[in-house]
Amino acid sequence: MPIVTVQQGPRDIALKRDLVARITDAFVEAYRIPAETVQVWIHEVPADSWGAAGKLVADK
Amino acid sequence: MPIVTVQQGPRDIALKRDLVARITDAFVEAYRIPAETVQVWIHEVPADSWGAAGKLVADK
Amino acid sequence: MPIVTVQQGPRDIALKRDLVARITDAFVEAYRIPAETVQVWIHEVPADSWGAAGKLVADK
Amino acid sequence: MPIVTVQQGPRDIALKRDLVARITDAFVEAYRIPAETVQVWIHEVPADSWGAAGKLVADK
Amino acid sequence: MPIVTVQQGPRDIALKRDLVARITDAFVEAYRIPAETVQVWIHEVPADSWGAAGKLVADK
Amino acid sequence: MPIVTVQQGPRDIALKRDLVARITDAFVEAYRIPAETVQVWIHEVPADSWGAAGKLVADK
């Protein structure tokens, strides 16, 4: 029963719907497990709360 | 000093208050450690950002 | 379908068995949800990989 | 630059190799972002450290 | 390519900007890796959703 | 009481000791909080369990 947690910037529901379907398919195809056993949780983090190379995305 | 992270859909404060007390008791009783050493963090994820079986909860 | 992730130092299976049962009960009683919907994942981190107050547990 | 964290039981490298490729494709296709921006981290948790319905997988 | 996830109460952007710069420097200096390889994600959790010693911060 | 979780490849204890001290200092200096309130947890993930751009580090 794999649990998938995604950290990303905010995106709209249509994109997230598509992503959750495709990630679930990835498990079904790679591990041969039922889709019902896969959960996907998307944590959307605003641009003032994450960054790379020492800078917030909000400042780029 | 165990750290507990919960991923769930949104719930009201009375339920979360009760949950945090009960999870902390679970550690005190199972591990015989002081309640002061236990932290609980609840990450509430909206229904358009998580799902199972390839579908968002918002679409069910 | 709440997901619980615990970060802790290593403990033996009897203690973890008891903890998972008690944490699950905490959700059943606080949220009135079936035990079957609760998953608990324990990440055991060795003493040379975590610390507080700027010091590794392995050095205390 | 999405970060994907998977919590699962142990699996062999061939299955994980396939999974990482397929999850990355899921982002490329759903979000139209370059594969280079996607990281996948798999946390393998032994059967005595996770469970559902109040029971460890090791006890089932 | 280390990924840093911070769980904390809400703080303003000036403090988070400073924190992300300093955490990134910590990796550059301790591990001798380029700043570009370090990502920091801050998950801000409101006072009604986390606690210690069995009590929510919102109730203290 | 911020909680820091680091996902990285394995490194030796001397490097982790230095990292934990420096990350803790980052919080003390940026947020003006006591070092005692900061916990750092390092999750070391082997090269066959994480990757970027669709490939495991073990295969690069």
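Brief remarks follow.
By written order: A, B, C, D, E and F. Residues from 1 in each chain.
Here is the rule we go by: a contact is a pair of C-beta atoms (placed from the backbone, for glycine too) under 8 Å apart; a residue touches a chain by one contact, two chains touch by 3 or more.
All of these numbers come straight from a predicted model, not from anything done at the bench.
Common neighbours of chain B and chain F (chains touching each): C, E. For the pairs A-C and C-D, the larger set of C-beta contacts lies at C-D. Interface repeat of A-B: among D-F, B-F or E-F, over half of the contact pairs recur, by residue number, only in D-F. Residues touching across the chain E and chain F pair largely coincide in numbering: over half of the numbers involved belong to both copies. Mean C-alpha positions place chain B and chain C at a centre distance of 11 Å.
Distance between chain A and chain E, defined via averaged C-alpha coordinates, is recorded as 20 Å. For chain F, residues touching at least two other chains, in rising order: 1, 3, 5, 7, 25, 39, 41, 43, 52.
Which chains touch which is summed up as A-B, A-C, A-D, A-E, B-C, B-E, B-F, C-D, C-F, D-E, D-F, E-F. If you check the complex, the residues on chain C that touch chain F are 7, 43, 45, 48-56, 58-59. Residues 3, 5, 13, 16-17, 20-21, 24-25, 35-36, 38-44 of chain A touch chain B in their complex. Across the complex, chain C is touched by residues 1, 3, 39, 41 of chain A. Residue ranges of chain B in contact with chain C, taken from their complex: 1-8, 11, 15, 18-19, 22-23, 25-27, 29-31, 52.
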